[in-house]
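In the two complexes that follow, subunit A is the common piece, with subunit B as its partner first and subunit C second.
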Partner chain A sequence: MKLFGPAELAALPADKFFTQLSASLSDGGRAAAYFASPADGGRRLCAALAHDRAGRLELLLSEPLSDGFPSLTPRFPQLHLFEREIFELSGLRPEGHPWLKPVRYPAGGPDPGTGDFFRVHGPEVHEVAVGPVHAGVIEPGHFRFQCHGENVFHLEIALGYQHRGVERALSAGPGARSMHYAETLAGDTTIGHAWAYCGALEALSGCAVPPRAQVLRGVLLELERLANHTGDLGALSGDVAYLPTASFCGRLRGEYLNMTALICGNRFGRNALRPGGVDFDLEPARAAELLRRLEDVFRDTEGAVSLLWDTASVTERFENTGPVSRADAAALGLVGPAARASGVDIDTRRDFPYGPYSRYDPPKPGRGDVYARAYMRWDEIIRSVRLIRGWLASLPAGPLTAPCGAPASDSAAVSLVESWRGQVCHAAFTGPGGGFLGYKVVDPSFHNWQGLALALRGGQISDFPLCNKSFNLSYCGHDL
Partner chain B sequence: METLETATRFAAALLLAPLLPGIVNRVKALFAGRKGRPTLQLYYDLAKLARKVPVYSRTTTWVFKAGPAAGLAAAVCALGVLPFGGRPGPLAFEGDFLFIIGLLAFSRFMTVLAALDTGSAFEGMGASREAQFAVFSEPAFFLSLAALSRVTGEFSLAGMFLSLTPDSWRAAAPVLALVTAALFIVMLAENCRVPADDPDTHLELTMIHEVMALDHGGPELAYILYGASLKLWLFAALIAAAVLPRHSGSWLYDGAFFLAAMGGIAAAVGIAESAMARLRMLKVPYMLMGGLIFAALALLFQTGR
Partner chain C sequence: MFKELIERFRQGHRTAPFPPGPEKFSDRYLGLPRLTGAPLAKAAAACPVGALSAADSALDMGRCLFCGACAKADPAAVEFTRDHRLSSGSREGLVLGSGGTFRASGEAPPDLRRLFGRSFRLRQVSAGGCNACEADCNVLGTLAFDLGRFGVQFVASPRHADGLLVTGPVTKNMELALRKTYDATPGPKLVIACGACAVSGGPYAGHAETLGGAAAVVPVDMFIPGCPPHPYTILDGILRLINGDIV
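Moving on to the complex of A and B:
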């Protein structure tokens, strides 16, 4: 959560902006967000760069641009989707972008699945189109495979079916509805996005969140991680037709969700957070109950998940499936467990500590295959349980909220939260009156979908569902 | 009297076949700690599907409609020559084990044609996988039956299984064990069971048999599901007859013993499905090659005996 006052928001001339952006990116910076925001006389580009090693957050602003700008995608593939999004939303054209097509497709425009697709030509090449309507109750998305028999040459993912205009709605805030918009950016990341929104607002208004509220937020965020990671491990197991873990984890995920409900009355943690603190306390009796349940459920989780690592047929199926190399993961700017599983050692909880996190020690990076992504989840489950145990053992006393006043005018705040899927980035800009000029949301899925496409390259088309599950990305978080 | 008994046995096989997938699912539910589907679920499904009106894609022709019917007809014919509890089926004749292999191949051919007829990428992929894996499973099946034929010196299934006795196990245990293993592997693959396939998956890209049934609906889907249960019955019956040869003289007793063995085999399939994950698609041929090698070794051992 970092506030940038008016003094730090000096706009750079276009050429200097791009020189500086390239320099930062080649210096190990990662684009947490890159977007266009309205400004006098056109649109200006903003880049929020995370220097993960140094724990430094950099915000670059350009002077207003009117038509095109040089595309940096050929040098920095991680900007690929960001530049496409800028073109789609602002009309500023990234000159030299290798694959300039819409990201979400505007309302009234063509259906996302009907646009141009990268094609491989040849008499034996065939194309497989999957979705947007899928078997099973999941979100819509279109996947286009270029195949040679069972081998995949290339996978292109077309999303946008879930576009609701929620980012635009947030930009009109802050208002009574903003918090609810933030909580529903991606339903399974309610706490993650709610915290990022609160963090941005608190940074803008200079509000210091009381320690008790910070710890309760931490408990909620880690419970969200536990529920989703456990559910994912069960789903991975189900995809390889390994029944025991699939069934047990399906139940255990519900138990973790119920623990969130024990705190705030909602299984996904809706209305648990508010700018300035939290809305629900955890009195000693319920804290003890939560801890008791956590220990019980964790023991069951341990039993169910260890079956995965002990069953040769499962590990054989996971290993060497859908590999993403460390270099590719870093170049694409992957985040979260998917990045860590590929050996990119980043975790917002350690690199940009916030709230109750201090000296968090992320698991050892993996080798980049489905096994690594699955095992990373298990490693994180263990750490989340440890964190919650520690916090519940010594809940700080004190108030639950601090007054969160009006946001500072002409300022910006960038808020980073490590949700279960990876880094959530919210960036807010305020105008002269303290209202939002622009509000940018980057869900971890936005970074990671490209990683899934790459995991399939050279792989087997029958491995797609397993790879997809190992990333388990959000469609609505991407489509906003 | 003899005719009536034969007809009763044939009818019993046709009626009881959908029970096998029910037993498999009960065992799986037990292992997964869930309540699971009712044992008779497939009967309910068949009754429901029979009342529905099928919907056809405009790209399909009569081939698409012929596939399920031909598949079911082939399975019913195959059951006709299959012995039940050590007694010959109504259509049994000399050399009928080749006939069964031919019927299964015909059924596969029609299913693949019907799948290709839809022009769907998924179905095409399923058809290609089905045809590829058949290259290994068909010879394995053929060699297993050939080995049994050598062991018993008979050329009809009824003859083979009638002359198989517990004593045959004493005399030719390695051969029979290899044949049983080969048949079990072929059964898992041919009936889209784990580890070759996953009958419960909803993921089209990973399917083999199931994906070829995606565009069928109503009574035709019922034909496919019922045909699949007959096929499972067929393989289970072959294994039951090979593993537990028993002829007491009382056909009621033999029949009950046979049915118990069938239930046991269904339970074994359920246990195998609960205990392991499915193989990756690239490894399925290796499993089938394993079955092929078992069958070939059985034949070799028997020839050299």
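Moving on to the complex of A and C:
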């Protein structure tokens, strides 16, 4: 959660901006966010660059631009979707972008899922189109596979069906609904996004969140991770037709959600976080009950999940399926467990410590296949349980909330939170009165969808569900 | 094989009885709201989505996010019970007046209950929203809720379905897909609008990118409020639709 005061928001002339952006990206910087925001006389580009290993966050701003700008995607593929989004939202055209298509198909443009798709030509090549309405109880998206028999040459993913104007509405804040917008950016990441939103506001208003609230936020965030990782391991198991773990984990995921409900009444952690702190206390009796349940459920999780690693028919399907190389993962700017599973050693909890996190030690990086992504989830489950145990053993006393006043004017705040899918980035810019000039949300899925597409290359179309579950990306978090 | 059996033995039988006992809900769970009759002005001012009307002394559960801000602002005016049964067959049925008692409703006509009472297949359409409602529908398929024991199942194709369960405010980008899915479902069919978004647009009510709920596109037979509704609220709504007043 970093505040940038008016003095740190000097705009660079366009040529300097792109030189500096290229230099930072070549130097190992990762675009946590890259977007256009309104400025006097047009739109300016803003890049929030995370130098993960150095723990340094850099904010670059350009002077207002009026039409086009040079696309850096050919050199830095991690910018590909950011530049498409800039074009869609601001009309500033990234000249030389190799695949300048809509991102969310807002009204007034082409219908979602229409237009050009990347095509492979040849006598035996065929195309498979899936969605927007899928077979399961899941969100809508459109998938185009270019296939040769069972083999996938290329997968293109077209989203935007969940586009409901939530980022646009957030930009008009802060207001009565802002907190609820944040909590519903991606429902399964309620705590992750709520924390990022609160973090941005708190940075802007100079509010110091009390230690007890910080720890309680940490407990909720790790419970969210536990629920989702456990649920996904069950779903992966179901996708290779290994039903014991699938049914165990289906229940266990619910038990973790119920622990969140024990704290705040809602299984997803709605209304638990508010700017300044948390809205619910964890009294000693409740903390004891939470710990008791956590130990029980973790024991069952361990029993259910260890079956996976001991079952040859499971590991055989997980291993070497959907590989993403370290180089590709880094070039695409993947985040979260998907990145770590491919050997990209980044984790916001260690690189940009916030709240109660200090000296977090992420699991060893993996080798990039479904197995690695699954095992990474398990490794993180173990660590989340350890974190919660440690926090509950020495819960700081003190208030649950501190006053969070009006945001500083003409400032910016960038807020980074490691949600279960990876880094959530919120960037807020305020105008002269402290109201938002712009509010940018980057869900980890925004970085990672292209990773899923790449995982399918050269694989079998029948591996799609398995690869998809191993990433389990958010449609609504992407579509905003 | 033995490992699986040992683990199965250790974890035991986990399917929960229905209807659920109060122990299934957190003591902080916010269920059915109640208006005490005190003036609502203060509580209404705290509501982020305009679900409370001081002029009409009413609370529209269809819009409500169950955030509790109203009860916090004025505990003398709004209270929350832990009753999870919230469904209604009509949109107006979700509007609570002060003092009145709410009774969950929404049973389908007798001929449809005869038809679907023991076997009801639903196609879920996610049309905007945040995926929390979908998650709480998915959870009904786990062994804890065991939806199948009621003869209800989510199916892969509208062609196999007896009805739709719609979540989300229906974005403009999903309007066509929802319409097509509805048309592809053979009649007679029933439609459930699940969650604040599908009922009223939820937190996105008024957004130009959305249509403000499922009823803007398809006829709705059952409204289930909540943001998201508790899985037991959804289950109660589905069963009430096909079986009438069961509990």
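As a working rule, the second predicted complex is superposed on the first by the 479 of 480 C-alpha atoms of A that agree within 3 Å, B and C clash if a C-alpha of one lies under 4 Å from a C-alpha of the other, contacts with A are read in each partner's own complex, and residues count from 1 in each chain.
The criterion applied here is as follows: a residue touches a chain if its C-beta (ideal position, glycine included) is under 8 Å from a C-beta of that chain, and two chains touch if they have at least 3 such contacts.
These numbers were taken from a predicted model, which means no experiment stands behind them.
Annotation for the three-chain superposition on subunit A: subunit B and subunit C fit side by side. Counting residues of subunit A touched by each partner, subunit B versus subunit C, the larger count belongs to C. Look at A:D463: by the touch rule set out above, it reaches subunit B but stays clear of subunit C.
Of the two partner chains, subunit B and subunit C are each touched by A:A135. Of the two partner chains, neither subunit B nor subunit C is touched by A:S415. Of the two partner chains placed by the overlay, neither subunit B nor subunit C lies in contact with A:T348. In the superposed model, A:Q146 makes contact with neither subunit B nor subunit C. When both complexes are overlaid on chain A, the residue A:Y475 reaches subunit C alone and has no touch with subunit B. Looking at the shared chain after the overlay, A:F248 reaches both subunit B and subunit C.
By the touch criterion stated above, A:S445 is placed in contact with neither subunit B nor subunit C.
Measuring only between alpha carbons, the smallest separation of subunit B from subunit C in this overlay is 5 Å. Taken together, the two complexes place residues 135-136, 244, 247-248 of subunit A in contact with subunit B and also with subunit C.
If you check the complex, the residues on subunit A that touch subunit C are 104-107, 111-112, 132-133, 135-140, 160-166, 168-169, 176-177, 179-181, 183-188, 190, 244, 247-248, 250-251, 253-254, 257-258, 261-268, 270-271, 280, 300, 303-304, 307, 310, 474-476.
Across the complex, subunit A is touched by residues 28, 31-34, 121-122, 124-125, 128-129, 194-195, 198, 200-206, 273-282 of subunit B. Within the complex formed with subunit A, the residues of subunit C that make contact are 3-4, 7-8, 10-11, 14, 25-30, 47-49, 65-68, 124-139, 141-144, 154, 156-158, 168-169, 171-174, 176-177, 181, 202-204, 207-210, 227-228, 230-231. Every residue of subunit A that touches subunit B in the complex is listed here, in rising order: 126-130, 135-136, 149-150, 237, 239-244, 246-248, 311, 313-314, 316-317, 321, 460-466.
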